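Read from first to last, the chains carry the letters A, B, C, D and E; within each, the first residue is number 1.
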Amino acid sequence: MLINCVSYQNGVKLADLPVEEISDYLERTDCFVWVALRDATDAELEKMQEEFGLHDLAVEDAHHGHQRPKIEEYGDTLFLVMHLVEIVNSEMAVGEVSVFAGRNFILSVRNRSSQNFLGVRERCEREPELLQLGSGFVLYALMDAVVDRYFPVINDLESELESIEEHLFDKGAALTNIEQLYKLKRKVVVLKHAVLPLMEATGKLHGGRVPPVCATTQEYFRDVYDHLTRINATIDAIRDTITTAILVCQSTVSIEQNEVNKRLAAWAGAGIWGMNFQHMPELKLEYGYPLALLVIGAICGFLYYRFKRSGWL
Amino acid sequence: MLINCVSYQNGVKLADLPVEEISDYLERTDCFVWVALRDATDAELEKMQEEFGLHDLAVEDAHHGHQRPKIEEYGDTLFLVMHLVEIVNSEMAVGEVSVFAGRNFILSVRNRSSQNFLGVRERCEREPELLQLGSGFVLYALMDAVVDRYFPVINDLESELESIEEHLFDKGAALTNIEQLYKLKRKVVVLKHAVLPLMEATGKLHGGRVPPVCATTQEYFRDVYDHLTRINATIDAIRDTITTAILVCQSTVSIEQNEVNKRLAAWAGAGIWGMNFQHMPELKLEYGYPLALLVIGAICGFLYYRFKRSGWL
Amino acid sequence: MLINCVSYQNGVKLADLPVEEISDYLERTDCFVWVALRDATDAELEKMQEEFGLHDLAVEDAHHGHQRPKIEEYGDTLFLVMHLVEIVNSEMAVGEVSVFAGRNFILSVRNRSSQNFLGVRERCEREPELLQLGSGFVLYALMDAVVDRYFPVINDLESELESIEEHLFDKGAALTNIEQLYKLKRKVVVLKHAVLPLMEATGKLHGGRVPPVCATTQEYFRDVYDHLTRINATIDAIRDTITTAILVCQSTVSIEQNEVNKRLAAWAGAGIWGMNFQHMPELKLEYGYPLALLVIGAICGFLYYRFKRSGWL
Amino acid sequence: MLINCVSYQNGVKLADLPVEEISDYLERTDCFVWVALRDATDAELEKMQEEFGLHDLAVEDAHHGHQRPKIEEYGDTLFLVMHLVEIVNSEMAVGEVSVFAGRNFILSVRNRSSQNFLGVRERCEREPELLQLGSGFVLYALMDAVVDRYFPVINDLESELESIEEHLFDKGAALTNIEQLYKLKRKVVVLKHAVLPLMEATGKLHGGRVPPVCATTQEYFRDVYDHLTRINATIDAIRDTITTAILVCQSTVSIEQNEVNKRLAAWAGAGIWGMNFQHMPELKLEYGYPLALLVIGAICGFLYYRFKRSGWL
Amino acid sequence: MLINCVSYQNGVKLADLPVEEISDYLERTDCFVWVALRDATDAELEKMQEEFGLHDLAVEDAHHGHQRPKIEEYGDTLFLVMHLVEIVNSEMAVGEVSVFAGRNFILSVRNRSSQNFLGVRERCEREPELLQLGSGFVLYALMDAVVDRYFPVINDLESELESIEEHLFDKGAALTNIEQLYKLKRKVVVLKHAVLPLMEATGKLHGGRVPPVCATTQEYFRDVYDHLTRINATIDAIRDTITTAILVCQSTVSIEQNEVNKRLAAWAGAGIWGMNFQHMPELKLEYGYPLALLVIGAICGFLYYRFKRSGWL
């Protein structure tokens, strides 16, 4: 579905274009075209390929989706795939956006995601002095928007981890904790798959040899790269902590078991007075029974007290 | 066993050749020869070595098989080994295909696999404008076919993992889960051995200095590389998840044990009323026995309820 | 909040400047300006951006804070972010300082930290022969001050680890130990995030191609790099030891459990004499009961002795 | 002990030489000398050093042995150390061979190993067209022989692992399995130490800048490198599997324990009827006792059946 | 404390110098000065800095000590820090030696270590043909001496590991083993910190661009590098083995526990005959009691036998 198809000159919107005129505008050196598609059909993509002269392999990737995030050069054109990650009903939902960026055009194709980029276009149009940097700046603006949306996701994951940590040493909570940690780890892996490949690819858009589209906006791409590095480091820290936390859960289970066993040992004392020896004088005492109960209870209580003091409960 | 031996000119099939005429065609600069062998005998390979002028070491590798996936240059000729991985009766079956690619010839030798490449030839012949790119494109088409067949394998492994995950927190399923996770890991390792070395080798077929055979089709090889990277990342994620899942299984075993022990402790209460004190008034109560059973049952029930509530069953 | 704004010539303080005159001084080639801000407001930062001609992205980073430590070049200007790490009430407190270093100016912006850099300025002013090396030396002095403050933090972490280690094999201390190890690991991760990225960035300030600001003071930056490498190695060692220590704790829990179970088994002996066989001659012995107690006690004692001898208690 | 000392011309054996004449032959440009020593004495090595003009440090290494596998250049001479690994009585035996390879000589010194290289010399002499490639080819032939002997070792280790895996889920086999896995890991480490450094060193004998001795036989050294890469990958897979297998063993122990405890809980039922309540009507039933046994037995049987069905036994 | 201060010409000792004359000798191009200090005072170091013209930062490092091993260039002068590792009363003792190596001088400053380098000086003076290579050779001789002293340390650690391994599967030894493994790991980490950074630094003293001091003695530094690589590989192997061994200890604890529990289950049989059913004919048998004991004993014995057969005891 076509969302927008607009041409810009000197950072200012020129006109909404019918799709057929795109190639005409591309021949002009003084303006660039920015097209946005959503869940594009075969026909739409074919039309775009024709108008922009895109490479077969890239179009195929944009069409089939389920790509790894990546940045590829096809001649002068840059082809970029990013994952759109949201948390919907506490599940990760992963969409995809493919961007083709040429000297004087930007084509974005969004798949399986409710996140849109209308805000990006508006913000760009409000800053013509930046927008006139051309397609490189639009590419940056799109990347920046995608990456900025990773931050709330990672914050969600972090606070999920923290809420598990609060109950990490709670008695009897080990199973719930482990289950939640396992699910959390699965989510973290999904985010990692969105971030790490994109980070590696973005690292090639600044410093050293750079695709021509990005030449004038290197510092902006370094900024995106920097954000991705930060997210990636946080992801790694979360993963590491999850592993340690599972280990800790295992230990608390064993320690709890120890306590149960010790109390079991106390009850075993009752066996003493169940022996059938003929000469067991305490059995004849009037208060022998309550005393025995007291002794058993006292031992249990003492173990419980020591256990509690050592920080468990 | 010889399967095909065909010469092509400008992307169009010229003729089926007898093996002896291969070297004659190789002298012509305007056409190329595409030969396919299957489980080749010594004599066939010797004949091919003679006709194509192949290097001793490469022929030896193609003959003995059981190589690591790799890409090697012998002068102008590229020698490529790939693993063919299938799941047959839920076991991994690993075959091998060796490909020799020269300026104007392609020779593929397939070993121990039922997967064939007839489809690749048909598809190539249907697209003469691509086939006329020469042996580089045929090499790509073969690699693409092999790599595409890894995707269903990895999907199988992923859904196997998911079906284990569904029962991960089931009571009493730990042993079965661990056994299945262990077997799954073994399969994943087999696939990893097929994918990782091929990925590393393919990375050298695009960007920077590239073997002459691949020079005009670099973008295609980048596409193959990209697929391999994706598969490889998925494999790593599966491995990581398996390790965590085994850890989780271990924990569920311990937690289940805790529950059993606690109920054991409840039963131990029966020992109290087995003591032989003379003054134990409740023993004389008419409903002492059923009351005692009730108490024990109530404790067990309470533990069971708390356990259930905490998410286990 | 503006803390200082001073111009220097030949390593000697020239004058305290009003903020508005900064740009005038920057035009002079014979002196440099050193400005220090703390928890700067929007207006202050805007003013500084105007006076020094700073890049949008860098100013934005300095303003929002919560950056990863990094060093970035914007044209001739170096932009540096460092974490200020303190232990306050045995919790890690992380502040941030951003430094802009140009040919003839230094601007530092400190956020969320009580650590100040007055001492750095004083020391620099006492050594005019070094201070006349210019903004590069001031940059070094600031980095050196930040990094030097990591050492007491890491010493704290190390002695915390050592005090846990002292109780590592104490009976019943496993839970406390694991909890403390877990918390310690969390702190170590925070420090790691401050040190590792800074170390990697600092590695680019000496040897090979170096930003012009640092050209004359490379050996000093190598010294900072060296300190960071040392801290980083210590952090890695602590992390590794923590993991092993948690493993050890798990083991001690299991071993303690073994001991409890063995003593439980001894008590089970009492069950023998609770059997109702008619011919159990020892039951009729006058001293049967105390003898039985003695036997049970002796076994428990023996187990306890063997356990103690093996180094536990 | 001197084993052989032969000069070759154009790939054909010229003469058995007395050691003293070596230096005379080295001056001739048209032939090369191939000397083999075994457990050489000080005097023999000194003599060799004199005749071939070898470097002090290399001779010292060859003499003392217990080196890490390595390849070093001393001027034009290549010095190579390889480990000879055999399995003797199911223990790893590690010998060593040092090779000095110059423009027109090869000197091999074998230590602490029963493996000899007579077969290598015979095979070389049978292929004069290859042998006339000179000392580079002999070096390759020696390396190839050493590396080929790693394959049976790794096959042994793999089948050892497989035979452990067959019993991995056997009841009561955990201890034996763990012990065997531990020993297997130790052996794998020994092989790893022979293979990995040699692989790294061999990687420098082909592609890019190459020592002159190996210049004409690069493709052969790539073949050796390829074999070493394959062995190394297999070693890593074995190591990884061993770690997982130990984890699995730990789990089976816990699961088995769970079963024992559950049955213990069943027996605890007997405690019920050991209570001394006066009104326990079932105690007076004629068939109360066998019924009670039946109930206990039935519970045990049911647990056993469920356990067996879940795949254990 | 000054130990030696000697000038050498053509590899032969010229004279013992008073400290004040050092700078005079440094101006002569035909000789070099070798000075050794031990636990130097501030005054001594200041004097040396003056005589040799050393860099502030390096002198500071030599003075404060507790540096990471490293090699730094200050202009023409090389500054080297190495750790001196000894085992004193089965504890690791870490001293430090700093070496300044210029074109025609060597200054070594040793701190907190009883190891001295008199032997190095003697050996050098006995080999004037090597000593005349100049300060580079002395530097090598010092490094070689330090590194050679790592070998006995690592041998100690290895035999400590082996002596633990002998008892790895001993019954009841788990706690002692884990404690010893933990301590061993701590020692290994200390050695690792001495070796790894030095290895990395030494790798830059041969091949490619090399500091002028080392130019003529590259092959010697490669030899030192090779030794360090060997030590480092052994350290890594020990670390890996320790981790596995702790895992194994954990498993043996669990297995032992299993055995105890099974025997506990056997004793639980006694509960059967403690039931108060009226019709339990075996209770009236004359030999019922001894028979019951026999049955219990037999089961225990059988379990013990099976356990022993499986290799434990």
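By definition in this document, contacts are C-beta pairs under 8 Å (C-beta built on N, C-alpha and C of every residue); 3 or more make two chains touch, one makes a residue touch a chain.
Treat the numbers as computed from the prediction; the structure is a model and nothing was measured.
Considering the contact criterion stated above, the chains in touch with chain B and with chain E alike are D. Common neighbours of chain A and chain D under the contact definition above: B. Distance from the chain D centre to the chain E centre is 26 Å, each centre being the mean of its Cα atoms.
Chain A and chain E have CA centres that are 42 Å apart. Among the residues of chain B, those touching two or more other chains are numbered 247, 250, 254, 257, 261, 264, 268, 271, 274-276, 280.
Taken as a graph of touching chains, this assembly is arranged as a ring, one closed cycle with exactly two partners per chain.
All chains form one closed ring of contacts, and listing them from chain A in the direction of chain C gives A, C, E, D, B.
Residues of chain A that touch chain C in their complex: 168-169, 219-220, 222-223, 226, 229-230, 233, 237, 240-241, 244-245, 247-248, 250-252, 254-255, 257-258, 261-262, 264-265, 268-269, 271-272, 274-280, 306, 310-312.
Within the complex formed with chain C, the chain E residues making contact are 55, 57, 67-68, 70, 72, 74, 172-176, 178-179, 182, 185-186, 189, 193, 197, 243, 246-247, 249-250, 253-254, 256-257, 260-261, 263-264, 267-268, 270-271, 273-276, 280, 282-289, 292-293, 296.
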